[in-house]
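Each of the two complexes below includes chain A, the first together with chain B, the second together with chain C.
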Partner chain A sequence: MHTIWSRINNISALLSSCMMGLFAAIALSSLAQQFFQAPLDPSSVSITSLKVAPGKGKQSKVDHALVQFELDANLTPLFNWNTKQLFVYLDAEYTNSKGVKNSVVIWDRIVRSKSSAKFHVEARQKYAFRDVTGFRDSAATYTLRYNLMPHVGALVYGVAGSTNNSIPFPPLAKNNV
Partner chain B sequence: MFSRELKALRRLDPRQFLLQALNYAGGMATTLMFWHALCLATNCESPVVVVLSGSMEPAFYRGDLIFLTNPASERYHIGDITVYKVPSQDIPIVHRVLETHDFFDSGVDQQLLLTKGDNNPVDDTQLYGGLEYLERKHIVGKVRGFLPYIGYVTIAMNDFPRLKYALLGGLGLLGLLQRE
Partner chain C sequence: MSDFLQQLGEGKIDFVGQQTVDRISRVWLIGTTIISFIVGFLLQSLPLTMAIFGGSTALMAVLIIPPWPVFNQHPTKWLPVKSVEKKD
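Presenting the complex of A and B:
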């Protein structure tokens, strides 16, 4: 009972129990805080320019959409003691004429501090928006979503804002873009 | 320091030894049962995974422990962090879904996915070994929660195999020789 092995055993068992209790308390308290929080102010998402460029064979076999957008968001209420970072992404969702439901992320950003959680962005897309299943004659809704990654615990997903109406894809641009 | 253990070793008779071994085996079997029950409940072949690469920094660092589920009826959405295995390789990769294309035609529910690591400049098409998109069957599960740094022990054991043998050997000896 009083050997060094049993003492090390007892101390390490107590340490691991306390650490598990602490992690559980942090994770559950931050989830509870989000549950009882007032909902976020909706962010504004607007598309300033949308063009469809033709696929040029060797480089890009399919048509591409070229999007420029403007975002205005305030995600500061999401930062609490258990927030490690926010992964913010802008996606385009559309159901094409063949019934295929598509979602494509066109822009993302990692927000690591409360001060950078309030931002105004005017940019063009980061990732290629390829016409894999056909977006002729369909319209897309652009939504700004976030993924809250905690220091400890469960990941939380949410919607920050959206162009609530869908924006149709224009016909193919005649000249090379 | 080990005089007590050496005396116990000399005094050990076969029946006691077998009883200890039986207790040991019983403990291992219970642990294995709990693990398999967890795998069944989450519908996932390995619901607890250690992050092996830095391609999801600053979200996940090497050595973080992540918890997965793989509900069969649920579709994956963009922004989900999934663990997938390409059929040609056996290494699980933890990346975020960038594109999904859901096909509902003719009763076949097919979902094509494209992934990318947060810390990588380009998407994962080059990792797919010839495929242009991942299918649902390649995905092991979706990340629900995580614990930081706990899994570093397994990475250390992989990088230094002698540490693994030393730990396992030591634990085995202690388990067999201790009376309590």
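Presenting the complex of A and C:
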């Protein structure tokens, strides 16, 4: 502490330890907040239209599923002081005719504020939903999941809602869409 | 000239001043960590926590790092120079 430099050195050492403690406290406190919170109201996930058709162009040998869905979600309780954003995604889980389990994300959205955490979405899938072996004799369950990304701390995954029953895929549409 | 510059660059303070600075820095930093966490948690605002923490640390740095005269009030009393007898 005799020179300016040793004072700066000393203070910055204690400062970095204090910052580490502060961030650990913030992370643990927000995890505790989530743990003791009431569970979310389940979101509603419903499929309004489902078609199976061959792909376009180079994808013509592969069956594509075309899904339109309606989501109604209220994720506002997930926003506490340590929440940076929510990554919300809709995935389809099914077992295809060859017995392979698949889980495909067909839609996602980043929610950055509490005001946009309550939403009603009527949309079609964002990403290609295809299966090389085809969608014969399969049925999929569609689940809305979220990933809470904090400013500091661990990522938390959760389920917001689901079509609890699996919805069978219709047979392949013969005419090109 | 270089002597003066060296003193300026070092910014020395006496031993009592050093003890005071040490105590102030420890109490202030730990206190500001606790206060900024509690205030931010109660008001649920992370930017508020970081603002309190950063501002308070900057204020402490201004109060402690420069060699203010208040930290030089107890200069060390050195013993008088003894003349050394040369032995042939």
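Everything that follows uses one rule, which is that the second predicted complex is superposed on the first by the 167 of 177 C-alpha atoms of A that agree within 3 Å, B and C clash if a C-alpha of one lies under 4 Å from a C-alpha of the other, contacts with A are read in each partner's own complex, and residues count from 1 in each chain.
In this text, a residue touches a chain if its C-beta (ideal position, glycine included) is under 8 Å from a C-beta of that chain, and two chains touch if they have at least 3 such contacts.
Quick caveat, the model's predicted, so the values are computed rather than measured.
Superimposing the complexes on chain A yields a three-chain arrangement in which chain B and chain C fit side by side. Once the two complexes are overlaid on the shared chain, A:H151 sits against chain B and chain C alike. Looking at the shared chain after the overlay, A:L22 reaches chain C, while chain B stays out of its contact range. Using the contact criterion defined above for the overlaid structures, shared-chain residue A:H2 touches chain C, although it does not reach chain B. Looking at the shared chain after the overlay, A:Q125 reaches neither chain B nor chain C. In the superposition on chain A, A:S43 contacts neither chain B nor chain C. Of the two partner chains placed by superposition, only chain B is touched by A:V104; chain C is not. Judged by the number of chain A residues each one touches, B leads among chain B and chain C. Applying the stated contact rule after C-alpha superposition, one finds that A:T163 touches neither chain B nor chain C. Residue contacts after overlaying the shared chain place A:I11 against chain C, while chain B stays out of touching range. Legend: residue contacts after superposition of the two complexes on their common chain; A:N82 is shown touching chain C, with no touch to chain B.
Superposition on the common chain places the nearest Cα atoms of chain B and chain C 5 Å from each other.
Applying the stated touch rule to the two superposed structures, the overlap between the chain B and chain C interfaces on chain A comprises residues 151. Note for the complex: chain A touches chain C at residues 1-5, 7-8, 10-11, 14-15, 18-19, 21-22, 25-26, 29, 80-82, 151. If you check the complex, the residues on chain C that touch chain A are 9-13, 18, 21-22, 25-26, 29-30, 32-33, 36-37, 40-41, 44-46, 49, 53, 57, 60-61, 64-67. Put simply, chain A touches chain B in their complex at residues 23, 27, 84-85, 87, 89, 91, 98-105, 110, 112, 127, 132-133, 145, 147, 149, 151-155, 157. Residues of chain B that touch chain A in their complex: 58-59, 77-81, 96, 98-105, 116, 118, 123, 143-148.
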